[in-house]
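Take this structure, written in structure tokens, and hold onto it; I'll ask about it next.
Which chain is which? They are A, B, C and D, in the order written, and residues in each are numbered from 1.
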Amino acid sequence: MTTTMYDSLVGILSQLGVYQILSGFLPEIVIRIMLVLAIAGVVATVASLILAYLTWLERKVLSDIQQRIGPMRTGPHGLLQPIADGIKLLVKEDVHPKTIDKWVFLLAPIVMFVPVVVVLAVIPFGKTLVMTDLSVGIVFLLAVSSLPTLGIIMASWAQNNKYAVLAGLRRAAEIISYEISMVLAAIGVVLLAGTLSLPGIVEAQTGLPYIILQPLGFLIFFIGLLADLGRIPFDFQESESELVAGYTTEYSGMKFSFFFLAEYLELFVAGGILTTLYLGGWNGPFLPSWLWFAIKTFIVIWVILWIRATLPRVRIDQLLDIGWKWLLPLALLNIAITGGVLAVM
Amino acid sequence: MDREYVTDKIRRSMGRRILTDEEVSGWWIIGGIVTFGLLFLLLFLKLIHRRNEHFKRQKMLEEQIIELVGIDLKDKKMLADLKAIHNEGYESGEFKDLSFLRIIPAIITLGLYIEWRLTKDLMIHAERQRRFFSCYLGRELEDTTPQRPTGKYLGLGVVTLGLFGIYWTNLIIKDSNEHFKDQWKLEDLLPEAGMEIDEGVDPDFYKNIILTTVDKFLNWGRTCSVWPMAFGTACCAMEMMATFASRNDMDRYGMIFRNSPRQADVLIVAGTITQKMAPRLRRLYDQMAEPKYVIAMGACAMTGGPFVNSYSVLKGVDKVIPVDIYLPGCPPRPEALLNAFLQLQERMKEERTVTKKFERWILKDRKEVVT
Amino acid sequence: MSDIRKVVEIPINMGPAHPATHGVLRLRLKLEGEIVREVDPVIGYLHRGIEKLAESLTYPQFIPYTDRLDYAGSMLNNLGYVKAVEELLGIEVPERAEYLRVMTTELSRIASHLVWLSAWGLDLGAMAPFFYCFREREEILNIFEMLCGARITFSYMRIGGVSKDMPEGFADRLQNFLDIFPEKLSEYETILTENEIFLARTVGVGILPKEDAIDYGVTGPIARASGLEYDTRKIEPYSIYDRFDFRIPVEHGCDVYSRYLIRVEEMKQSMKIVQQALDKIPEGEIMAKVPKKIKPEPGRVYSRVEGSKGELGFLIISDGSDKPYRLRIRSPAYSNVAALPVMCENAKIADVVATVGSLDICLGEMDR
Amino acid sequence: MSEELLNEFPHVVKSEDGLLLVEADQIIEVCTFLKNKGFDFLEAISGADFEEYLEVIYNIASYSKPDRVMLTVRISKDNPILPTVTSLWHGANWHEREAYDMFGIKFKGHPKLARILLPDSWDGYPLLKSYPLDKEQKVELEDETGVEICQI
């Protein structure tokens, strides 16, 4: 059984004697709720800080590749840029065009944002930094991380804008093509680890990260992840030269910033998922476990940004082609090989 | 530079004095004592604000006077002297804004720090200013602002655990009020006197320090994150692209292109707008979310430019949409567009969304606040 | 109950303010899902009435307006116009001026192609080429600025010559640029030419068969990409183009990838021409003897040059006064865009974007 | 080339200032003849307004040789109609539309003779000498496409 963040927090509080004092006058369930809320709050705060700075990181990485310097004037080296952007978007007028489907329009950003935050609950950030150790963690993760698509489709429908509808249609069409292969690729990992729990998978990689044992699976999963993120080369939902601003065309102000943030949080979560499943999670010598996790995650994020800066966009039917004709058979092959090898050994 | 123009500017600087040189009442002290020092915090913020505004105005006034003397070029020695005295202001830190964050050391030192700083600043300022105007008017003016022994006061403050600060604050209020009054009298003596009040500025606006601070904060966010709408029609679009490319890199200022007008803050009208295009431009502008700004880039967007005689060209986009910044050139260089953005940022700093909202809400009976 | 299998055609409006239309071109599309069934280009959003304005301006006064036709490569328009007027007047241009003209126009062609490459890269979703291309373009503009003081709208050519001679240090700077540019060009090619995704997006897309190219009067890189070996510089050498060693690239792919290859090759060839011109440039006058008041005899002339987008023609009808009686500009992009519906038959939306980008349209010249 | 043309078509005349004048109803035949002779490149069709008549100028060149021909058709101002050459070159479509847009010259048999550069609601033909250079016209948002217009 893995130590979750809750357990370690209780341990620390008991050592300090705070827990005993609290339990003196509060029923246990209340304390539990309080502590869980506190943990959730801390994780959400840290995550939102990280994702705010991911926007900064992206701009800096892009500008470095494009021979510019990127944000410089807002704070030293543009460090306050995300905050300025946030303030700007917060106070920007929230336009509600006349033709929208109001409730769906309103709910879409939330539907997009919430699942991404929920996924954070199962990702093991470090040896003891696990919020919940679900026994079916990987299933939960794969299921919930594809929910934001619903938000995108809702948003594109609600706006009553043809460009947005096209973006939504594209998204709906593409998701099946890569999502199945992604899940199948993850089965290889599950077979090797023998567990569905994410901390379990990480522990199983103590000696050897699965990227070495499952190179094919890693590749399929990575491509699927890129498509899931909707980033170049697969940014059909927002391909600005074709669909103006894609599914956010009619959104402004705060609602737009929700989409914006959800996308970057997805990026962070994607880095976390890949690290957990294939790069050995928090495993690593010398450094503390959470630092290893952070380093690996940021390497993944950096690679994704690098791809964005250099590659053109593929066409939607080409992704569908890749998804159905290449990724799916390869993923099945991957399972067969993994299963076969495991059976023989 | 036109002499008339500079004189106008001086008059306008003087006109702003009803906004910047605000008289603070002594009742604040009583209020501070009653609220156990809470109101003092506000008072200090207000004093800092008043100091910044007054010094800023004086700086501008002096600069304009120097400009004027430079145009006349009768007395070269006087010009050099004025410049030297003016530059002292930079050296002593007088022309630099005192940050509101200074309130934190002020709280730690029970207000003594800020009192000391304000007294010192005022003394330096008054002394320098006296010399400046003496030089300009050609006769010795008397020093009206009393010299306060700051060191001694500081000692007294420490000994009385900050209680002396109450009296000291009173002195600051009084001294400053006196200084402003003298300053106004002095300004009326200037040969260029004759105020021109900047219309469209509500004098009450500056009184509300909290709201203006919030506005300042929001404006900071806005100025640092200006997202232009990618809208280029003709030649100017080339230079617009060049401005956002590697050499000039507008991303340094936090500016990135958005393709959807809903998410854009500023519409750069780069190029000729024809009669056929004009309604669409209007539609595009309407689709943008408030607050929105428009830069008319290039001669065509300003007036029609070289095509002004043509049957199909709109003679200036301001016939269709309101324009904030006019940027001449055919086409303007990237540096010029960059400068236009900096000018726009200056303009954005004058926004006061929260203050206006608050005033509409609280003072419903009052007339619409002038924008 | 309606048949749910029935395909609904969605009319959609691209432009005039759309990121992929490079200015204010408007496309009315009819979509069946992702597939474009009908493309209807709507132009005229930048119709500035230049042809009418020309009738109220004297011959030299019109030169600045030519800058604003194809603003990506203004020198070419300058040359097109002054050449037409010179033919009308029968003026012989001095050697040195001819060399300067060739150098500047070929540089202008490179600058124009660079703009095209950068914008097209953005259309395809590749951001890096935009920044790389503008980096080199800035250097070309600096060279132009050194020569005539302007970055975009040069008005460098005059009737009978050019306005300014090479300043000191110009040759070195130009030579320096010519030395570094091949390296940079290969940098773009690394990003694009053999990139799998790029190939998937461009090969076989936006096909314009040779017969259709002829049918629509398509010129420039697009015609050459459709297998037509047609370049005014070779077929009817004007100025001093017959003295230089260069070749006209021709591709037979008829698709947008061929157009890309053509333009990249053209940049190399232009560079070669500039190098030769720079090496051989003679000393001498830069202006011919031109009367103070330009008053051509009544008559008409149609003169054509090879612009960066194709054949740029000026038809001038003179009635003997100092203003053209009628001035007609044959703009290459006008004919090229007319062929767009052929190229976009049953394409995907993304293909339409790639195709429109590959045409290298310049609305100033198209709508005039 | 012009000699050959003059021999072939007796109605084609060379005017004193060297223009090849073609009768309006013969233009298709002349163009077909030229196209068969290798003049396959229609460069431009331009209009011009003269005091007594309107002119339509055809610039025809070849993709393979440097030769070119300039044909001129003179038509009356009251009834500016002549046959279209879109059956020979699809590229003529837009050129003829422009001539219609700017001069009001009507091309018989043209597939879609509508304004091209100016908005549909425009009144008058601006390149005619009688049209004042700076006569502005206010343009409303055309609503021919309904909802589409709401989008950028």
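Note that in this section contacts are C-beta pairs under 8 Å (C-beta built on N, C-alpha and C of every residue); 3 or more make two chains touch, one makes a residue touch a chain.
Computed from a prediction, not measured in an experiment: that's the story for all the values here.
Here B-D and C-D are compared, and the pair linked by more C-beta contacts is C-D. Each chain gets a centre from its C-alpha atoms; the one nearest the centre of all protein C-alpha atoms is C. Put simply, the C-alpha centre of chain B and that of chain D have 60 angstrom between them.
Centroids built from CA atoms put chain D at 24 Å from chain C. Chain C has its Cα centroid 45 Å from the Cα centroid of chain A. The mean-CA centres of chain B and chain C are about 47 angstrom from one another, to the nearest whole unit.
Multi-chain contact residues, meaning those touching two or more other chains, occur in chain A at positions 66-68, 162-163, 240, 244. Contact with two or more other chains is made by residues 118-119, 126, 131, 133, 148-152 of chain D. The residues of chain B that reach two or more other chains are 246, 259-260, 276, 280, 284, 287, 309-312, listed in rising order.
Residues of chain B that touch chain C in their complex: 230-235, 237-239, 241-242, 245-247, 259, 271-272, 274, 276-277, 280, 284, 306-307, 309-313, 330-331, 333. On chain B, the positions that touch chain D within their shared complex are 260-261, 275-276, 278-280, 283-284, 287, 309-312, 315. Of all the residues in chain B, the ones that touch chain A in their complex are 217-218, 220-222, 224-225, 246, 249, 251-254, 256, 258-260, 262-263, 265, 287, 289-291, 353. Across the interface of their complex, chain B is touched by residues 118-119, 126, 131-141, 149-150, 152 of chain D. Every residue of chain C that touches chain A in the complex is listed here, in rising order: 10, 12, 18-20, 31, 33-34, 121-128, 130-132, 135, 191-192, 195, 197-198, 200-201, 348-351, 353.
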